[in-house]
């Protein structure tokens, strides 16, 4: 590590002569050790998946959920320092609630990602704080239907001034990933944590850009990718945690929910089969 | 250097002087609600064997003016609870948003084991009592209808003073005078709830809505009705009163120009 | 070199002088057209015996001429375990403004429960009685608009009964009626419990008449007095009726009964 001994890595917000902020780079290191997290933006929803490493046999399986809900329609999964992730989620919930207070409507996923990006970035600017030791994936479904304003009691004018605009397009699935620097992009598929390299190369093969991936298929792919990414350190035990968000017309009615047990188990079964089937190299799994 | 994140980006006191918040102040004293402005009239509800029926009309009045005619005064909280609002409409909207934020917070962890009608009544009663104690009341009379923790029918009320009570049948406003006696004829006590079917309860409540429309000048013939059972909430917001008979009006004497 | 990068705040130089970001606007005077009280009617009474205390109250709740409900209890167990106060040995009755009554009950109940957690023993009625007085007195400028009666057994096992005014003035008594029909019931109790205006027959004339000495009454007799007091009150007071709730406190715990009253 070139940074060691130079002194430029001892305080946050201090640049090194070649323009790097070492504290932020160390934060990224913290993320690289976390369990793999994956997000997939499908045609009709979002899937979030996490390789939850089992740190103790004394932990109850299925408990201690790590993928959090923000408002009703957004999910956040993060990799890195767990408490930093909890704080990140707590802030996101506050942002979503503050948005509702202000605008009487749910926060668009893009705005939430923007606000959280700014928040994370602020922690790179001051010597009194350290950067977030997490990379977070924010997935949300913005309602495709025109929602009533919070507290609305009537239906408003049907025609004329204030009437509804015909054929307007609303909402859809959105996926963002925020890094310790505060950098964030919108993604078709996002991965972070220990197995991110494998996961990313798997995600690239899915042709998510075409926008043809169905939500249910996305769940199966997400499970498979987590299993593949885990393959490198087989000795460690892990639990697969998966959530999804569909359209209002879909299975979760626009809400962020845990993937039903039956579907998750089916996806896990297929994932294990895919692993055994082609241990040597990658090949698309089929149902 | 100030270490509190909330101070980041704020002007420094020693450089710019203390923040002058005098422009926040408005002329005159700070006023709280002294009286309701846009109001909804009665809410009526009755328990039956497997659940609760609740109804209210879709009118919001501005004094004697029928101001809004499509106002939904029954608010579904979740599959277990419906809240019916009488009184000030803006306070109702405030409470609706409050309940919405409560529901969001409740479902962060998981959606199983949701709040039941009893939980919600306790919560709303405390909100109402707190606000009256601050001399800043929410000018409403609420009926909370649904199922309790044991999935048994639950019906209770909370008003702007924080007063609470529960009964097999309940009605707010004008309904307390006109609908309650009619409903008590069929459902006088807790024991009789068991003998009333859903259809009978719905019929009874609809009958009450009709009587209220006949006699309450601040009522309307379009109304909402909800039935809460184990199967969930059936909410209809565009009901019309049926089979009205105004024959009795002929018999009314003593008003207007009639002399005998 | 290292000193340049220390994150320590600068000493002696200009710093932030505010401790907190500006918060609320100072509020001005306030006007009010809202009356925060109402009367929910009903009546309560309590009588203490040698080794028991009985508290009773009707279950009607009213708003003006309306009956809100025919079953709204005015008697509450205080302390014990859990939301249904298992094993409680103190009872509070409240009559007046029901919302204040419920708030008062809840405060006293949590205090008595906390007392047991903190001290490892249940609160005595005497202590509880004084604590209740303090709660009421603390809110004397915006009182709990209730007439409270607290019942239990004292440290010697004797029936204990305390009655309160809305601002916390209290005393231990043999019997007390409160609420809407208190003026109807209290004189009856004076006569039947404390034997007021009762004299020993044939003990003389005029000032020589001997007053009948008050002696502790039996439990059965007191229960009869309570029932008679309420059935009579129901006849003469419109805010009293529907049901009679009774709680009988003995060394074995609290026995609760409900009997119906006229619903007119």
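To keep things simple, chains are lettered A, B and C as they appear, and every chain counts its residues starting from 1.
Here, a residue touches a chain if its C-beta (ideal position, glycine included) is under 8 Å from a C-beta of that chain, and two chains touch if they have at least 3 such contacts.
Nothing here was measured: the structure is a model prediction, and the numbers come from that model.
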Please find which chain has its CA centre nearest to the centre of all protein CA atoms in view. B
Look at all chain centres (mean of CA atoms) and spot the one farthest from the centre of chain B. A
Dist(centroid_CA(chain A), centroid_CA(chain B)) in Å evaluates to 39
Could you put a whole-Å number on the gap between the CA centroids of chain B and chain C? 31
For chain A versus chain C, what separation do you get between their C-alpha means, in angstrom? 55
Expected list for chain B, residues touching two or more other chains, is 1, 3
Quick one: which residues in chain A touch 2 or more of the other chains? 127-128
As the complex stands, chain C meets chain B at residues 9-10, 14-18, 21-22, 25-34, 36-38, 40, 61, 63, 66-72, 97-99, 102-103, 142
Within their complex, chain A touches chain B through residues 65, 68-69, 71-72, 93, 97, 100, 104, 122, 125-129, 150-155, 255, 257-258
Show which residues of chain B lie in contact with chain A when the two form their complex. 1, 3, 5, 8, 60, 68, 70-73, 89, 92-94, 96-97, 100-101, 104, 107-111
Interfacial residue positions of chain B with respect to chain C in the complex: 1-3, 6-7, 10, 12-15, 18-19, 21, 24-25, 28-35, 129, 132-133, 135, 137, 157, 161-167, 170, 176-177, 180, 189-190
